[in-house]
Amino acid sequence: MHSILARVREEALPIARQGKTADYIPALSSADPAALGLALFDAQGAMHSCGEAERRFSIQSISKVLALAYVMSELGEAAVFSRVGKEPSGDPFNSIIRLETSAKRRPFNPFINAGAIVVSSLMPGADASERNEGFIAFVRRLAHNPGLAMDEAVFLSERESAARNRSIAWFLKELKLIEGEVDDCLDGYFMQCALSMNAVELSRIGAALAMDGIDPSTGQRALSARASRVIKSLMVTCGMYDGSGEFAVDVGIPAKSGVGGGILAAVRDRYGIGVYGPALDERGNSIAGIEALKRLSGALDLRVL
Amino acid sequence: MHSILARVREEALPIARQGKTADYIPALSSADPAALGLALFDAQGAMHSCGEAERRFSIQSISKVLALAYVMSELGEAAVFSRVGKEPSGDPFNSIIRLETSAKRRPFNPFINAGAIVVSSLMPGADASERNEGFIAFVRRLAHNPGLAMDEAVFLSERESAARNRSIAWFLKELKLIEGEVDDCLDGYFMQCALSMNAVELSRIGAALAMDGIDPSTGQRALSARASRVIKSLMVTCGMYDGSGEFAVDVGIPAKSGVGGGILAAVRDRYGIGVYGPALDERGNSIAGIEALKRLSGALDLRVL
Amino acid sequence: MHSILARVREEALPIARQGKTADYIPALSSADPAALGLALFDAQGAMHSCGEAERRFSIQSISKVLALAYVMSELGEAAVFSRVGKEPSGDPFNSIIRLETSAKRRPFNPFINAGAIVVSSLMPGADASERNEGFIAFVRRLAHNPGLAMDEAVFLSERESAARNRSIAWFLKELKLIEGEVDDCLDGYFMQCALSMNAVELSRIGAALAMDGIDPSTGQRALSARASRVIKSLMVTCGMYDGSGEFAVDVGIPAKSGVGGGILAAVRDRYGIGVYGPALDERGNSIAGIEALKRLSGALDLRVL
Amino acid sequence: MHSILARVREEALPIARQGKTADYIPALSSADPAALGLALFDAQGAMHSCGEAERRFSIQSISKVLALAYVMSELGEAAVFSRVGKEPSGDPFNSIIRLETSAKRRPFNPFINAGAIVVSSLMPGADASERNEGFIAFVRRLAHNPGLAMDEAVFLSERESAARNRSIAWFLKELKLIEGEVDDCLDGYFMQCALSMNAVELSRIGAALAMDGIDPSTGQRALSARASRVIKSLMVTCGMYDGSGEFAVDVGIPAKSGVGGGILAAVRDRYGIGVYGPALDERGNSIAGIEALKRLSGALDLRVL
């Protein structure tokens, strides 16, 4: 397995030169565009990795998966999906127009910003810090890293450059889709985006999703089976920004990306996968990360579709 | 297997009373809303069916899958996807607005009407009849029914009540996405929608998709592996109209529905499935058909996500 | 007055070099971009003109004013405005999206293509030729030119390059906003757009509008007062394509332009104005024509706002 | 004149029963729906009024006219119109979608909320209070009331129920169309909306607009001629929310309404008009106020179109 990963990494790496790191906050733009880390955690609990698989990065939109898992665990499915849909939207992740124009006037799914802000606002806790504490504790358990934490500098940058997200959040407030103070709600959302993780940790979480909620390290249930299925389904239809459809065609497994360069993927009954490659394509997905997953999907026959 | 199918059918049938048949053309509205046919064709080439699995109906939008398969077989992937995208749109199947507003000004995918009309226009042949002849020959081979044919009455009704599709087609003409005469192009599209099939035949085609293009009846390649994968991926993200995301969550397999009440599904390496249940939910999907697939997915652990 | 017109023409002419003639049909693209004709018909029935004021051109969208006047005269206000609104839309003249997205699902006003096609379909007559006969007779009376006629070549070109208008018309058919055959309805619309007139004739019609429907040549009522007012109001809010607001600011009088280079304007109780200048700005308005009207408005204090 | 006003008021009043007061803040909902005040200030400096013409109310969106006048006076035309268009939009006053979808990505005009927030942010001053001080001083001079002030309770209510406006403002911030702090910018905007005035004062300001900027009370220039013209033109195309086109048809003069029940109108060279009638139609315009203006336009032949 290690040689497969190493070969895939070597073949995928050159395409990183065609991408570039996210530039809207310093912490992301300064990442090494030539990094590429792969981690694969299997159903028997064995970890395989190569490259920069332990380098920490900001998970950004991958947190949308974790936040949904946490809120579904705490409050159940209906609490979320009475306020957010389950359908792909065809719009950019930061689009606001459907909140004004769609018949139902709610976010199309939890993986666009509007939906994720609603999910984040549902976390139990009196304020952003308290909500985030519970959330981080949940992620630490899933990732088997009790030291996992938010990157404070990323959080502060995020908060500084958030005009569009503030616009979205105030629109959600108008629609009565979020409770409490808008600024506090957004702080919680920025904190979750600023979580610092690595590909190895993502692969562990992916494995729990792959096993319908059973953590292969422990054999214990980490997530409900239903939450795992909902999340993997949404990852397939909406996980890779505007490239979700193409990714489904080319790779064929549930995955969620973030502009920090990470990708979290889950192959039913077989593997959790974590990828880190901060050079992005024009849709905001790790360009070498997608290439690596394409090759890995071929090499290991991962495609579920 | 037969007892599973029979039980699933029995459990799913009552919900048909909550749906109603399509009412825009007589041939569809007069269908028996209490019909429910299930057919499952397995990797070993065995057919299992129950209920109205041999009742013929108009495949309507399921033809979008077959047309895409045919055109990809004849002309390759690029010929289609230079004109049509691979992304879900979040809009109704008959929406026109993205043709005017989207940056790329092309249909988002081949399973909304705009995309399917483009695909249909690409079929080789001098006119609608000739194009349709080649198409029907292709479907006959896949379905193992040399007598398979278009329902003339449905075709004529379709053509009579097609103002929205004509509007879409003329917009596509303006964008130079279709060649030839618009009326002729639409005739071809209506012919393909009016194909009369049954659940048994759909299950055979689903099985070829499930086997990445190998027909289990013959062990021969019926479709390219790539076409099979592209199609199954699009079925997951865009196959069930505005309910694609929810279907992925609840059932978790690639499927494509039509307002005639049919559903075609494919479970990788295992089964092709055909369903017929003409009572529709408000999104245009067979209401008892979805219920049956939900229960079948649970009973046979079909979910791939 | 003649010296004012001559000076205005001279000052406005150089800007024509910054525009270009419409290029979607040959008859328009071959016009002389340096032509500029001005005609002003006053309340006492005196005609003043200079430049290419008698050169004939295709009136194109100016026909939307004449068609509305004709249909309001024949059928009354309600017949039109139960199907078309009176509000500016902010969209391009050939936009289709509001037909799908607006709450009322009807064209915003009679001066965008969708609205004008509806108005045209309301003209009395069994087919396009018959409808157009009545319409041309009406325009001949207003223009005092019994020989006024359609330019057959323009009509045929128009009909050839009309994919977008066909798309709009079929959408209107779907919304049940037009009766009869779509192709026949469009033929009538293209005929009216292909009417060949000159600036002198436009100024006569403008004068009748300016006098609330009384033709100053004869002292007789040519249009109802109400129709005149409705039309002038719509000219102010929607007459100059996407430049209507700016034209109201810069010139301040009701006007309607066409991509043939014509402009028809009406100054209450004072003047009808006709302009011809086929070099267009990027919005499709006569670039020298607008410049001339700006200067004329200053020189004669025409602004009504 | 007084008897004309009295008769018009009497005839228009009954229709107030078909409207209702704005209900989103207490100060507006508690207004007397049967009130109707009319004031007409003529070119000779004579004031005519009847009914509740001196009752004070919150001017709300009428402040968009005054803010534009103030900023054009202070900074010139280009400072505003480099950031805001001059075109009607066809969208609701509080729409956000064009900020995301339009090619120019700026508000269509200064009389929708998005445009007015930009204009407000341009007022000179270090913070909202300071900006508002200059603005109120400007309005006091125009209205000849040195005691004119903001209604503190309205301002506070406004600020409390402003989620949609905050969403718009943050989107404008993202587009770099407003400087400074968003909350402070909005405070200034809410202050201007909360200005308390009466119909008599509005008629004085309308008269200055009617006289192209000359205040008929003093014979002095109160506004630049250009500002007056720009404002009146925008009032015609965009002054009456989604009913601007219909108002132009039915009344035919530049006017601007507010949900407090006020209307400000200007008839070139003749009259400024102020109206107060807090019962609103479904578009947010004073229902009896529009009726009164329709009748007044007929009685005094006010229509300029």
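Annotations for the structure displayed:
Letters A, B, C and D name the chains as they come in the text, with residue numbers starting at 1 for each one.
The working rule: a contact is a pair of C-beta atoms (placed from the backbone, for glycine too) under 8 Å apart; a residue touches a chain by one contact, two chains touch by 3 or more.
The structure displayed is predicted, hence computed values, not measured ones.
Think of each touching pair as a link: the shortest run of links from chain B to chain D has 2 of them. When the interfaces C-D and B-C are ranked by C-beta pairs in contact, the top one is C-D. Rounded to whole angstrom, the centroid-to-centroid distance between chain A and chain C, based on C-alpha atoms, equals 55 Å. Rounded to whole angstrom units, the spacing between the C-alpha centres of chain C and chain D is 32.
Between the CA-based centres of chain B and chain C the separation comes to 47 Å, rounded to the whole angstrom. Along chain D, residues 101 each make contact with two or more other chains. For chain B in complex with chain C, the residues that touch the partner chain are 95-97, 100-101, 163-164, 166-171, 173-174, 182. Of all residues in chain C, only 85-91, 98, 108-109, 229-230, 232-234, 236-238, 242-246, 248-249, 252, 254, 268, 303-305 touch chain D in the complex they form.
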